[in-house]
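Both complexes below contain subunit A, partnered by subunit B and then by subunit C.
After this line comes the complex of A and B, so read on.
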């Protein structure tokens, strides 16, 4: 009695098995596309800097190179992105004919308003980073961590993670997690990777690596 | 292990209870320095957050023998044995850690998920749970200390020995081409706020720091020392009942005379 039923099932099973595999493959492809292409696009919103800034052009004009605008204060803290005070010496009046400079002078310099620069490298609030430890004590150059921003002719688009609000430069562009340049991303693991290599303060009881309070506050 | 290791330090405190007047300046300085959240109504002390708390001890006697003593209690930054302090040992999330470089017990708020094992493990009640997100009075968020990250609901926080001040002191040292800092360059907010000079802070292992000598005072003791927590906060009191209150003693144990 049971035999024919089994037989029927087998026949049916064959037909739907083919469809099942087809649907499985279609579903797989669709979810791969969503996961690898659509989602990363949706995850990040794109913003332009308030004013486009040309590093290559300015570096020939200033006297002290990068330090003219990105300098250490006497207490060892880093000035970071420049304030109007670093620009005003030259930009009291419009210098050239570019639209960006006109916007910069009209909307910011003339009104005494600081430019709300978007910071690509900005780390979460709980992170402590020290430029002086790396640049002065460690003798590292800016390119290792920031890439070639200092030589660029324009500022790239700033991408913000819609969920965390963090800059895309922290997690990097490559979603498969591959890293070709040291500056491709700057997650906790990337800081740690270099710290482990260089043996920086591996004094944690919990991990045997860098203690949490080296980089956190 | 490597040349990049800075010399190991063991930061700690010596608090002279004979000098403490219980004014609470240290508590205020601590709250302001470390962005410690507070509520409009703090009458229920069980859920208020005080990284540094001044307790009042009494000897339980009646006039004319009544006596009291104020005792400020920060986190003790217990070393335990080889850095296995009670809280670090129980944390399932690696959110709290002990550094052999500074001897400071860290708390990473973003890592903590609020299980509160550490609070149960801490014999000093030095750890506090955030039952609510902090609400700052209008405009006060502009006065928050940017060097200390703010906390959120559902996580545990505690005194860090103003670790951010160490980070800043190190930045200045690097800027000036040094790798070591002076005693005065790294001081906690409570130490500097104390008008009586009762709190002294420094590297317990460094003979040039005041705490190195002070901790050897015959009247120095640590809280609940017998538990083996190996705390880094020492207290000094010339009064025997105060020293005895610092730990659990049998009735007649260790008493030199009847008092």
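After this line comes the complex of A and C, so read on.
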């Protein structure tokens, strides 16, 4: 007759428990590192703007703040990123001594090529966003959504999500998706947070429709 | 390899730890979000490009409705077509075809370069050639025929006879030496003959639908695309709002009938008889405008004919409508302040019988509402095309004096300007050499739209040289020897006279290029001028313009500037139209086929969701077709359940049957519907294409394959409205 097996002893007594905990911790730490550090690094590619731009310098030279260059057209549409036409008045010839200025004038102004600026706040194609409704009708300032970019001396690196192709600014710098300032993220929840808070009850400027279609095409 | 318990536990713990850590990191949540966005951005998902938005005003030419459009563009790409606000025809509205026109501009069915046939005729096999080669080949062929004294054997089929491009084609034929210019007839032509016979004027019909207060429609698809679709939709809504009564006489309950205050299903083909039955009552009870009619020429004869032949007893039997109904209809019609009777079946894209048109127009005449608010108007030609008479050389004079191949204008057919329906039989019945040696086709698809398409195709295959100007690879283009593709409709500058809009004043539209031509195409106007120049001498001299654009600008003269700005011009012109009652004997048109052998009557019906002319359906339009009309590639015919239960056939919804007419057979499916008279089978018009692209070809049956032409004794037009048919079982 064989001896009954002492299961309890076999499980704990050979030190397996220690190993299990150790490996559990190893797995935990490794995946935390992957999730918090490696993944964001892999997810975003880094691109520099074709030319650097000093917002702070320009804002001192213009009269109407951001709207001097990022203006509304007569029909209320928003011009977005300035075109060469707006720069050409001053930058027909090289101003100052920076390398970027020389590149800008030589490679773009003189050749009549538009600068392919990378747009940090570009929204998906399925949304309508009307600047005029927010800025003119809603009385919001640029900082609420775009932060203090107007005070920066140089353009930050543009990070592009390799899966979606969108700018990192939409999800926000913080990979956890948490935000401190209103301008930290630009996802749909951030829009609706404000819309809810302000009790926005408007219909779409473009289509006149309500509910989802206020923003969505 | 044996895995020890320890290894197993370690790996397991690592995985569990990894899973826990992953769950505590943003990775799964962020990845889910990113992946869902990734699926929205697949490269094959169409996305409008970003850029500067602009609008270009133009005129839609997809049907003769003449709507103004406003096309939204992003950079040089047109992205949306909207109705133009303030336009006299459609004031901001647009129909479903006009809305989806971008699919015709950017879709795969466009012809991108000049082509030369390499396969059999009709096979659709072509090779690319250059414009120089193509024009040279056509000019050489035309030159040879002319020098052989065969200029009169050249014919041209144009989608319309109005506008500078059709007129340039006609001018080319004239100076070249051929009288054989033909256009695709519609109800406008039947109306034009009616107005000529009853008022002695050359005019288009106008209908003051906005001011009418009782509408009696003899099968006109008011919201099926009759007249100018958008305008009629608006008018119909306004009538509903103002509680204006619409009475629809039609054997099938179309959308128009369903929305009408009253639907009167009359026996198919008896509409003209019914109109004269109503006229009988109006005359009998003195319910007509005596001050207008009594003095009109031929009135007494008309009164006599009607009184003798259209007594209510006869009419009730012929139409299947009770005497009392006819009586109350007559009272209501005559009692209204501005009653309006209209005809032209469905969309009115086929001319009806002269008998029916004159009978319906007689009702308007009796009600005294010709050229009155809320009535029918005689709209004169805007006459803006006033080119100098061309000088004809001897060959041209000789050619022009030979009889027309279609017989239009001859003693037998004195009223019609052209009779396209008579072209195929003329070709097929000719002995020896084909009487048409060369054919030019512009904006028309007769191999699809004419009755009995099989015969039409046979005739086209016999024509030695066919030149198509089509922008699309349609059924007729497949029979071409050379294709000289026109720019698509949003790519070209052209006048678009809104003769079919039915307004009380003539309206000229200007269709402007919204985008630059995408392919190696050429404006037909320019191609015609180039051909004339290549033919030389007097032919060239008749085309002094450098380009079509220059010709158009010169033609429009002082209208050019304002047309260029607004895209439309209302011409303040009217025409006196003295009333005369017709003397000519007209007969109703009956359905072909023996009643015993073919117990049913098959009638095509029009739908706003099916384009059935030169322009084929857009994929978007096809998507809106319900599955009681088209399911996958199967076409459904409508039939009343009462007629479906015949002895051998007990048909159920969706049953497959063989539909046979004297012209042919086709397998169809059955849609049982109470909304159609028993004994009638309705088949949708606009399906069954064999050409174009995969979005259009192979879907259902072309009703014109089953229906033969029925020549009208009065005008000579094909006035077919149906054919006798039978159903037999079929194994699936």
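In this text, the second predicted complex is superposed on the first by the 194 of 217 C-alpha atoms of A that agree within 3 Å, B and C clash if a C-alpha of one lies under 4 Å from a C-alpha of the other, contacts with A are read in each partner's own complex, and residues count from 1 in each chain.
Keep in mind that, in the parts below, contacts are C-beta pairs under 8 Å (C-beta built on N, C-alpha and C of every residue); 3 or more make two chains touch, one makes a residue touch a chain.
Every value quoted in this text rests on a predicted model; they were computed, and no experiment measured them.
In the model built by aligning both structures on subunit A, subunit B clashes with subunit C. When the two structures are aligned on the shared chain, A:124 is found in touch with subunit B and with subunit C. Of the two partner chains, neither subunit B nor subunit C is touched by A:157. Of the two partner chains placed around the shared chain by superposition, neither subunit B nor subunit C is touched by A:102. Once the two complexes are overlaid on the shared chain, A:202 sits against subunit B while remaining clear of subunit C.
Touch criterion not met for A:88: it reaches neither subunit B nor subunit C.
In the superposed pair of complexes, A:57 makes contact with neither subunit B nor subunit C. When both complexes are overlaid on chain A, the residue A:43 reaches subunit C alone and has no touch with subunit B.
Once the two complexes are laid over each other on the shared chain, residue contacts for A:77 go to subunit B and to subunit C alike. Clashing C-alpha atoms with subunit B after superposition occur in a single stretch of subunit C, namely 59-67 (options considered: 5-13, 59-67 or 437-445).
The interface of subunit A with subunit B overlaps its interface with subunit C at residues 77, 124-126.
Across the complex, subunit C meets subunit A through its residues 5-6, 9-22, 24-27, 29-31, 33-35, 37-38, 40-41, 47-48, 53.
Those residues of subunit A that touch subunit B in the shared complex are 72, 74-77, 124-126, 128, 130, 132-133, 136-137, 198-207, 211-214, 216-217. Those residues of subunit B that touch subunit A in the complex are listed here as 1-6, 8, 82-84, 88, 91, 94, 96-102, 104, 106, 108-111, 147-150, 160, 163-164, 167-168, 170-177, 179.
Put simply, subunit A touches subunit C in their complex at residues 14, 16, 19-32, 34-36, 39, 43, 77, 124-126, 161, 163-166, 171, 175-177.
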